[in-house]
């Protein structure tokens, strides 16, 4: 950490800061500039929170933290790409390069609504070439009067359809009390945008051995997303996939603003795989195809796409769900672009 | 709801929309304009989610929802101000007018750190004239390596200090599994910014009879905040206080951006009391006094302020905690301004 | 426009609103719902600003404008894609489809620094296959102490290098008084993000016949961007190219947040071409390649890229400028992906 | 500036950075930590832009600028409050304390519409106790089809009404070519939010001797606002008043989000006066009174308020304009609160 002293700071002020740094177990390093004194605090990371108090000592203008707050999630701790396995499916890999060895598509309806609807979705997903099946049984809805999901009955349907199709399944968890239940039925936990900083849930999931799909929140910085992943990793669960799903900005033409740059940033900072959720970012089916193409081209490890046999009858997220023929087209486009990435761009020197 | 048809929509398109509106239990109302057709859907609220599907029917440009999505939280349902009682303390009232009958200050440390620290805080709060005591036992921290709170031991200390000082206490709940525990020790639940859309928690708290302090999230719109309150109200708990604590914007000079306008907006839309948390909004002690003055002047029902006997030794939020003498000054300023509001401005015609 | 009356609005209130609508030259259309009355105002667009006043008439809850505020920029007015010609180079086209017939790259340094530097940039741009040359002679810098550009001397260098390379050139204009000067030396005007709502400049440029590259501002909604284009179109200049260059959000990992979704949204709403500026969005050279790939895949008509023979010696924007070998690689990637888009995806049914 | 090296940076990397720092005229200061090397660059400010290039040298993780980029606008350069004089009216002062010696209200219509309307506004403003008169003759409108202002005819009216009422006047300038014209008629220039980074305009205004009201942009950071003020100061014009007028955020309940915290932040960082524009921030008359009270309480030096004799007939900004009786009430509230600030809070120890 660096401490920038005010121009009029006294020698006594400097002395008190260095004393504090020492008492926190760090070594102070004073640099006297032409106009200001700058003090570095050198040492390992354990006294970090004590150092923050320096911000309001006499004569201090501000402090600048230099190191990243996460460890296990960072490339410095774990240089090579983590490949997460969900059943037989692998997600991740390529060491941060442009071209990923696979582009894994997760597909399914927003909500599980009935055995029939879920079977149709499973059939469409399988036929199109998706690798994993999604479906929500516990739904986070802004309104208490909206459909809240089928609960355990939905989980049973999901597991059943996944088995019939030979596809691993993923579903959202919203409450620590549901962990055992969801662990029984699902191959991967999904933590939604609104629970990305539900730290009790993150810790509890960290004690499971099932992989986790962790979505970035509407308001979460990339650093905070990595800190939320760190909560899971720190408890021993290393199978975490990150998901960019749009952030909240002033623009209202789309439901949220897809932060496509988050993909190269995340691939640089962390070894964990990163996928894109264009459905929630855009909020409208008509923008999903171009955004999924962009996800392939930018180097994401995959995408999660909402589909529905009849979007106009969906109990949730209808407007952003793809019809079967739209999804078939999307998977064709994904294949063409991913081939160009692997065979074309991957072969450039 | 209003449906705006595209300029080139056909009579058949219009017919399909009106048929859908009827099948959802609404009455369609077609207005043919010079350039476009507009269709209103008239009826009660139950088919609302079905109507959303119209957004992507043939020939439809967009749909415009007209009614507010909340009911119990709205002034239309409950015109007069709700006054929430926490122990002997009342928060709220004034029918949306400029001058509130009281300006209730909640004070205490970010984290409960020890019996001694909490007793000092209680003494300072009481001496200065605060009405409620706050203190965190379960702490939502961005980093898993930061102090996570004292847990039940902290709750015991909090309750004990509150009783000695004759002040009701409030503490944060982060997980549905802790409800019984916190209900035993605390006079009011606090739901933090990061859990404002933890719907499982909201529902469970709605089944309690203890009052709730519900903080706005960093990226929650005012409408979403009211929808989160609606979750609690819909379960039967009507004792909800809303809290504006700063939203996330591009500006980094303060930790968050205090949305002071939220106070008159919230007072217009809802009957629930609204208070301000300048500590988390500003993130630095030096801005707390002016922002608290602004809270009084804008017509908030109160404020929640972080204090600490020695902020530089605080285990969390030190930089934004007021020292005792700063807090005494703050309470003096609050009294002077609140008197001017009540006696001066309240007496204007 | 739609007027939503309050629940307790009287017949008299409704009468006053309908009278006002009529006096503004519109036809009122009253729909009485179960809980509310809704009033539509039907007519042509000329009284629009008069209608806004209805927002604060007695008994009115809110008004909802239904029509888009732009005309000439919209697809309703001009259905087919506009193709802008700059010298021999064409930008635009494909009727909003996934695959554009060309992906036009504009390249060059942020600032023109010397004849030698500009010649090197021109050579690199030409060799790599870029079609247009950029270079700033008047620089909008946050600080008055930063390099402000070479002015007319720079313009001469730019024109000279463009002629030698056989590439049309584009440069930024910041002040109405410089129009004649820049018109003399440049083949296209660039209006920068900070001047996107400099309406005096927009109007004046609208009277020129040279094409315009109009950058979206950091804070500009897509609708506002189209309104700024409308200013130029309304004066008679129809040769406008729009450019998404990143918007300001809470995320600080990149300089700005590239709003990649803006491309399909803009292609839907307007006939004008849209390109991407990944250099300013990302602010760091290491993210430019993946973001440019995303620009091709999402269907943009081109990109504008900052290059420099020695970025570490650049007088402005060094960190986001590509070195020659990075730019050659970028152009190879662009060609591979654009071929996949045209030949692969374009051939899907 | 501080340079943070990567964990795997070599001695050679460090050597190249220190060599670069020396060649830019600074003194390098190397601190070897447990995990990383940190290098400070010590010296005066002239090589600042050269240092930025270090960001992408081999082995460098990132650079952290430590000093503020503005000088003349900062308290370090000019410790005491600047008091700006417009005619006989003074704005500013109190050395950053809570209570300003005066709270200066500027009032008038958004647009000058006619001699009669302006006279009425002048009469209302004068009667209520406002000190300066505002009125727009050149209007920055999002739409080219909206009323663009009366131009010089409006300026004549404004000057005439100001003289009759004995009030100095202020009006907006949008283009460098209008400077002489506006200088002739107006006692103060206003630079609007959309021109806050129109650097050509800032420089030109800096050469005038008339005071300037500089509005913060919708997405301008406080630091950028001070840099824009620096442009004016650097040209020799020291009479600059800053104005917070709401920033753009995700919240749509108000037109913009008033950043009330900007007032104490600005008072800490700069000696220039700062006022609040609640009219543009809120966008609706019903919120102007509470927000103006908050402006007084937070310690602003004044406010600029839109008024209109008949807001429903205003050619622009009707919904946010106060009626005469609302403005009289506002001025009464301002007086009561400002007295409490001066006599009550100013007398606290």
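A, B, C and D are the chain letters, set down in written order, and residue numbers restart from 1 in every chain.
By our rule, a residue touches a chain if its C-beta (ideal position, glycine included) is under 8 Å from a C-beta of that chain, and two chains touch if they have at least 3 such contacts.
Just so it is clear, the structure is predicted and the values come from calculations on it, not from any experiment.
When chain centres are set by their Cα atoms, the one at the greatest distance from subunit D is A. In terms of C-beta pairs in contact, the better-connected of the chain pairs B-C and C-D is C-D.
Chain geometry summary: the mean Cα position of subunit A and that of subunit C are 30 Å apart.
Mean C-alpha position of subunit B lies 38 Å from that of subunit C. Our note on geometry: subunit C versus subunit D, Cα centroid distance of 27 Å, whole angstroms. Along subunit B, residues 219, 248-250, 252 each make contact with two or more other chains. The residues of subunit A lying in touch with subunit C in their complex are 98, 219, 221-223, 247, 249-254, 257-265, 268, 281-282, 286-287, 289-291, 293-299, 329, 332-333, 336-337, 339-341, 344-345, 348.
Those residues of subunit A whose C-beta lies close enough to touch subunit D in the complex are 2, 4, 7, 29, 31, 33-36, 38, 40, 42-44, 64, 66-67, 76, 248-250, 252.
Considering their complex, residues 45, 48-49, 52-53, 55-57, 69-70, 138, 140-147, 174-177, 194-195, 197-201, 203, 217-219, 224, 227, 230-231, 234, 248, 284-285, 311-316, 318-319 of subunit C touch subunit D.
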